[in-house]
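One chain, subunit A, appears in both complexes that follow, with subunit B as partner in the first and subunit C in the second.
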Partner chain A sequence: MPRTYAEEMSYIRQLSPVSYEVAPGFVPGMRVPGTFYVNDSLKGLLFEELQAAVQRGDHGGFLPAVKQLANVAALPGIVKCSIALPDVHSGYGFAIGNVAAFDMDNPEAVVSPGGVGFDINCGVRLLRTNLTEADVAPHREQLAQSLFDHIPVGVGSQGIIPTTAKDMEAALELGMDWSLREGYAWAEDKEHCEEYGRMLSADPRYVSARAKKRGLPQMGTLGAGNHYAEVQVVDEVFDEVAARRMGIDQVGQVVVMIHSGSRGLGHQVATDALVAMERAMARDGIVTNDRQLACARIQSEEGQAYLKAMACAANYAWVNRSSMTFLARQAFAKVFSSTPDDLDMHVVYDVSHNIAKVEQHMVDGKPMRLLVHRKGSTRAFPPHHPLIPADYQLIGQPVLIGGTMGTSSYVLTGTDRGFAETFGSTCHGAGRARSRNNSRNKLDYTEVLDSLKAKGISIRVASPKLVMEEAPESYKDVSAVVDTCHAAGISNKAVKLRPIAVIKG
Partner chain B sequence: MTWLGFQLRALRYPHGPVDVDADNPEAARKLVIWLENLKIREYKIEDRKPLADTASPTWGAAFGKYLSDLSCPVPSTDLKAAVEWLVAFAVNLEYEDNADKLPPPAAPAPAPAPAAPPAAKPAAPASSRGAQAFTDLADPATVAAVRELIRVAQVSEGAGIVDELQEAADLAVAAVGPALAAGGWTDGRAARAALAHVPLGFNVEGEALNRAAKALRLAYVQDLRRLQSQIDHALVEMQEYTANPKTDSSLGKVGR
Partner chain C sequence: MPPADGVIAEEEALPQRTNAGRRRREQEVDKGAQEPSGSGIVAEHGPRDGKVSDQGRHIEAETLHAEGQASGQKDEGRGMSGAGPSGIAKASVAARSGGPEPGGGGGEGGGGEGKGGGGGAEGGAGGEDAPFVYRTAAVGHYQFEYLDHTADIQLHAWGSDLTEAFEQCGLAMFNYMSPLKRVKPVESRTYRAEAHDLQSLLYAFLDELLFEFATEGYFLARELTITRFDREAWVIEAEGRGECFDPSRHDTGTEVKAITYSAMSIREAEGDADVFVIVDI
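Presenting the complex of A and B:
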C-alpha cells in the first residue's frame, strides 16, 4: 500500500530555517538519517518533486532527490548521515548534490561509482588577472573569439596539444605533475589545486583500453553540456580579507573561470565499474534499494580497481584543466600583447565536484578514516586544515561556485562548522530545476542567446541548439543556493563574480 | 632609544649614545667639542683649543663662555640640560643647511631625520626637555599643539582627542614606517590588533595563551610558505630541463 504525501512528509522534520532531517523508515533499511539544506525559496522544488512522485506511484520517471538521499542512507558502512546540499537534484543512483561518507575500517562499507558521477573530477578552476573590466571592454568580442579559437569545445571536439598514448599513460598517473613536467603549468598552479592536482592512488593499468581511446583525442578540450570557460569580473566583495588573500579584491577585476571534467575517459571508467560492480554485488550479497546504486566493498577487488581508475580519471581532469589554463593564458597574452606573467594570471584555486576521497573526520567525538563521496558537491575545508595550501591557511579553502550561463558565480571559503556538519562540503553550483528534455521543449535557443547579448555578455557556442538545456531558466537560482550555505554556516561568501564573455560547447 | 640618542644618531655622531653625567663629564665634553668642530663651528679653529682640551680644569669656564656666545638660555652648571640644548641646536643648524635636500617624510629617508617625531615638534622649540615635552596634559598649550597635530594629520574629528591622536599616530606610522630601517619600529600594538582577527582553529584557555598560540600558528604558516616556495623553485629548475610545451592548431576540432 503506497504512502500518501502526508505520510511521506511525517518522516521529514525541520531542524533550522535552512535544514531538514529525513528520519529512518522513509525508505527501507536506512542505517542513518538523511539531512538536507534548503531555504524557503528552494524547498518548494524538492517537496513538489516528492509530491509528484507520490501521485505518479511506482510508474517510471526519476526517483525524487529526497528518496535518492534516503536510499544512499541505506548503503552498508555509511556513517553519521546522508547529506544533500541546496543545489540537489535527481541523478544516477545518488542525487547530484549528495555527500555520503563510508567507514574505511568497516569491512562491509562500500564505494559506489554513482556517488561520484560519470564526469569524474568535474570541477572549476579560477584564474585571476590584473586587468579591469574597462581594460577588457574594447576587446571583449576579440577575447571571446580568441578563447574560442584556443580552447576546443563541443561534442566531438579535439585538443590542440599534441598527445601520444605514452603521454596519456603518464598523465593518468602523474596528474598535474605531467603538465608541470611538460611545461603546460606553472609551479604555483599546483599548490593552489585540490590534492595538489594529483591523486597518488592512480594506477593506469586499471583504466580500460576503451576509456583511454576515448580520452586521448579529448585532452585539453572543454567538452559540452554544462561545461564552459567564462571571462568574469569581480562584482561584489563580501569578505575583504579572504578576497585580498586570493588576489581578487578589486571590484571590476577580470578573472577567468574554467568548468570542465574528465570527458569521455571519466564516463567510460564509471561505466566499466558499474558493470563490474553488479557482479560483485551478487557475489557479496549486497542489497540496495535502487539498482542504480551499484557498489562494491571498498576492500574488494572491484572496489579497489574502481578507486584506482577513478584516481586516473581525476588526474586526467586536472591535466585537462591545466591544458586549458595554458591555452587561456595564451589567448589573453595574444589579445593584450603581453605575457601571462605580466597579466598576473595565477590560479586562485581548483576544486573538484565529483570525486571520492579518503579523509580523516571526527564522528561523534572519534577520529575516523572515511571514504567521502562528493557528487555535485565541493570540498570546503576550514582554516588551518593541513590539506589546504599555505596561502589559504588563515581564510579556509576557497570554494568556487560556477553559476549557469549568464548568471553570477561565487567564491566561498570553508568553515569549521561545515567541517563538523557536512564532512567539510558545500554546494557546487546552481543545480538543475528542469530536466534537459524539459528545457529543450520549453525554451527557444535564439531567445536564450538574445537575452545574453542584451545583458552585454559575449558568447561563443559550438552547438547553439543545445544552449537551451543550459539556459539560466533550466537551473535553480545560484544566489539562493549560496545564501543557504552561508546561512547554514557550512561555507562563507567571499566574492561574487559576473560573466562578460562565455565559451560553451 | 632616548631622545638625545635619537638626535645624535640623526647627526651621525660616531661614538654612539652619550650618558651625560656631571660627576664624570669626559664623554659629554668630547661630544661638545665634536659638535663645535663639525656642526656648530661658532669659533675659528684656533679659538677652539680651550674647549678641545677636555681634561683641563678650565674647561668649565670655557664652556660657560661658549654657551653665552651662543646665547644659550641654559646655565653651564646644568651640564645635562646644556648638552641637550647644544645637540638640539646642532640638529637645527643641520636641518637649516640641508632642508631643501631632504626627502619628504614619507619617502625612504636616511638617518638624518631632524624633523622626525612630529609629536614633539609643536611643544619643542623653547623646551630643552625633548621627548618629555608633554608633562602636563591639561596645559592648554599642549592641548592646542595636539589639536594642531590632529588637524595636520587630517584625521576626522569627533571621536575624542585620545582616539583621534591614536589615529594620527597610526597614520604617521603608516607614512613614516616604511622609511625606517628594519626593526626601527617596535610598537607591537598594530601586530596585536591584527592578531585578534586571526582564527586560531582550536580553543585554548586565556587571552595570553590564545595570543601565543596564534603567534605560533602564524610562524608555522610562514615556515610552510617558505617551504612551498622552495618546492616551487625546485620545480621551476626542473622545468628548465623537461618543459617543452607545444600546440598544433591543425589538430584542433571544434565539436557540434
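Presenting the complex of A and C:
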C-alpha cells in the first residue's frame, strides 16, 4: 500500500539547520539510517523529488535521491549510515553524491560498482601559475585557442600522446608512475595527488580486452559531457593560511582546472563488472531493493576482480589528467613564451570524486577497516592525516570543487568533523537540477554564450549543443552546496575561483 | 489508432512546459540554425497544427498541479497528436514534445524551475496505455525520440516489430552523437551481439554499436539492418551503412559514454513494439 507524502516525511527528521536523518523503515531492510546535508535553498529540490515520486506511484526505475540513499542503507555490511552530500541527485542505484562505507572484515559486506559510478576516478586537478589576470587578459582568446588546440576534446577526438597497447598495460598498472617515466609528469605532481596517482591494487589482467580497446585511442583526451578544462582566477580567499600553503593566495592569480575521468575504459570496466555481479548476486543470495544496485561480496571473486579493475581505471584517469596537465603546460608556455617551470605551473592537488577506497576510520570508538564508496563525492581528509601530502599536513587535504560552466569553482580543506561524520567526505560540485533535454529546449545557445562573453569568459566548445545542456541554469547553485558543507563543518572554504576561459567537449 | 483530437490553448499550460515545445518550434521556423546540428528533436517538416490530445493534455495538467493519479500518467504531458507510428513522425513536429517532463517531472516542475528528476522513468514504466502517445518528438523520418532525464538521455524507439525498434534505437544513439542527416551511406560494417535475455540483448547490441564507434574510427551508421534476431540463442547480427565521423563534414553531437539498464523497457504488441533505454553521456 503506497504511502502518502506525509507518511514518507514522517521518516525524515531534521538534525540541524543543514542536516537530516532518514530513519530505518523508509524503505525495506535498512540496516543503518541515512543522513543528508542540505540547506534551506537546496532542500526544496530533494523534497519535491520525493513528493513527485509519491504522486506518480512507484512507476519506472527512477527513484528520488532520498529513496536511493535509503536503498543503499539496506546493503549488507554497511557501516554507520548512508550519507548524501548537498549536491546529491538521482543516479543509477546509488544517488550521485552518496557515500557508503562497508566493513572489510564482515564477510557479508559488499562492493558495488554503482557506488563508484560509471566514470571511475572522474576527478579534478588544479594547477597554479604565477600569472595574474592582468598578464593573461591581452592573450585570453589566444590562450583559450591554444588550450583547445592542444587538448583533444569532444566526439571523435583522439589522444595526441602516442600510446601503444603495451603502453596502455603499463599505464593501467603504474598510473602516474608511467606518466613520470614517459616524461609527461613532474615528480612533485605525484605528491599532490590522491594515492600518489597510482592505486597499488591495480591489476590489468582484470580489465577486459574490450575496455582496453576503448581506452587506447582516448588516452589524454578530455571527454565530453560535464568535463572541461578551465582557466580561472582567484576571486576570493577565505583561508589565508591554507591558500598560502597551496600557493594560490593572490587575488587575481591565474590557475588551471581540469575535470575529467577515465573515459570509455572506466565505463566499460563498470559495465563488465555490473554484468558479472548480477550473476553473482543470484549465486550468493544477495538481495537488494533496486535492480540497479548490483553488488558482490567484497571478498568474492567478482568483488576482488572489480576492485582490481577499478584501480586500473583510476590509474588510467590519473594518467589522463597528467597528460592534459602536460598539454596545458605546453599551451601556456607557448602563449607566454616561457617554460612551465618558470610559470610555476605546479599541481596544487588532484582529487577523485568517483572511487572506492580502503580506509581506516573510527566508528563508535573502534578503528575499522572500511571500503568507502564515494560517488559524486570528494575525499576531504583532515589536518595531520598520514595520507595527505607533507606540505598540507597543517591545513588538511585540499578539496577541489568544480563549478559548472561559467560559474565559480572552490577549493576547500578537509576537517576533523568531516572525518568523524562523513568518513572524510564532502561534495563534489553542483549537481544537476534540470535535465539535459529540458535544457536543450529551454535555453538558447546564443544566450548562454552571450552571457558567458558578458562575464568576460572565452569559450571553446566542440559541441555547441552541449553549451545549453551545460549551462549553469541546469545545475544547482555550487555556492549553496559549498556553503552547506561549510556550515555542516565537513569541509572549510579556502579559496573561490572564477573562470576566464572554458574548454569543453 | 485514431488520434485523439483536441486543440489546447497553449496559454493554459504552465509556462515552463509549453515554452519548451513552443520555443523549439519557433526555432525550427526561424531556422536560425542556432543549434547547428539540431537537438535531434527538430523534425524537418510538418505543419504547426498545434494539435494536442485531450488525454495527454489533461494528464499533464493533473501532474503539473500535483494531483496526478497513478494510472495513465505514463502518457503524461507529451502533448501527443496520437497518430500511428508512421503518421507520428510527420505530425510530430508541431506537437509539444520532448520538453515537458512526464509525471514526476511535471509535479515538481509546477513548484519550481529546473527540476529535472524523474523524467525518463515514466516512459519506461508499464505498457498498458497506448505507447504511441509518446512518439511525437520523432526526429525527421526516423522512429525515435529523446526523452528527458536529469543527467543523461533516454532513447525511445519504436517500430512495427521489435527488430525495427532495436534498429531505430541504434540509430537514435548514433544520431545523438552526430546528426545522421549529414552522414552518407558509403561504408558497411557488421555487428554481432550476444546476451542471455531480451534486455541484455538490447544492451549488448547498443554496446556493440558504441564499441565499434569508439574503437574503429568513429563509424556512424545512418541505416541499420538486423539480419539475425535470434531469441533462443539471444544473438543479434546486424549490418550498418554509414561512414566514419569526420569533423569537417559532420556536426558534433554529444558523446555517449555507456548504455545503462536504468528504466529500460521493451514492449511488444501485435504490429508494434518499442524500447526505452537510458544512455550515459
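Miscellaneous remarks
Just so it is clear, the second predicted complex is superposed on the first by the 504 of 505 C-alpha atoms of A that agree within 3 Å, B and C clash if a C-alpha of one lies under 4 Å from a C-alpha of the other, contacts with A are read in each partner's own complex, and residues count from 1 in each chain.
By our rule, contacts are C-beta pairs under 8 Å (C-beta built on N, C-alpha and C of every residue); 3 or more make two chains touch, one makes a residue touch a chain.
Predicted model only: the values in this text are computed from it and were never measured.
Counting the residues of subunit A touched by each of subunit B and subunit C gives the higher count for C. Residue contacts after overlaying the shared chain place A:V241 against subunit B, while subunit C stays out of touching range.
Once chain A of one complex is fitted onto chain A of the other, the partner contacts of A:A280 are absent, as it touches neither subunit B nor subunit C. Applying the stated contact rule after C-alpha superposition, one finds that A:R214 touches subunit C and leaves subunit B untouched. Of the two partner chains placed by the overlay, only subunit C lies in contact with A:A53; subunit B stays clear of it. In the superposition on chain A, A:A224 makes contact with both subunit B and subunit C. Looking at the shared chain after the overlay, A:G154 reaches both subunit B and subunit C. In the superposed model, A:P382 makes contact with subunit B only, not with subunit C. Once chain A of one complex is fitted onto chain A of the other, the partner contacts of A:Y184 are limited to subunit B, with no touch recorded for subunit C. By the touch criterion defined above, A:P162 reaches subunit B but does not reach subunit C.
Touching of subunit A by both subunit B and subunit C, each in its own complex, is seen for residues 154-156, 224, 462-463, 505. Residue ranges on subunit B touching subunit A, taken from their complex, read 197-202, 217, 221, 224-225, 227-228, 231-233, 235-236, 238-239, 242-249, 251-256. Of all residues in subunit A, only 2, 44-45, 48-49, 51-53, 55-57, 59-62, 64-65, 89-92, 96, 118-119, 154-156, 210, 213-214, 216-218, 223-225, 263-264, 267-268, 270-271, 274-275, 291-292, 432-438, 440-442, 444-446, 462-466, 468-469, 473-474, 505 touch subunit C in the complex they form. Across the interface of their complex, subunit A is touched by residues 16, 19-21, 23-24, 34-37, 39, 41, 63, 66-68, 70, 73-74, 98-99, 101, 103-108, 111-126, 146-153, 177-178, 200, 207, 211, 214-215, 218, 245, 247, 252-255, 257-265, 280-281 of subunit C.
Chain contact summary for the complex, subunit A toward subunit B: residues 148-149, 152-162, 180-184, 187-188, 190-191, 221, 224, 241, 326-327, 330, 382-384, 389-391, 393-394, 416, 462-463, 505.
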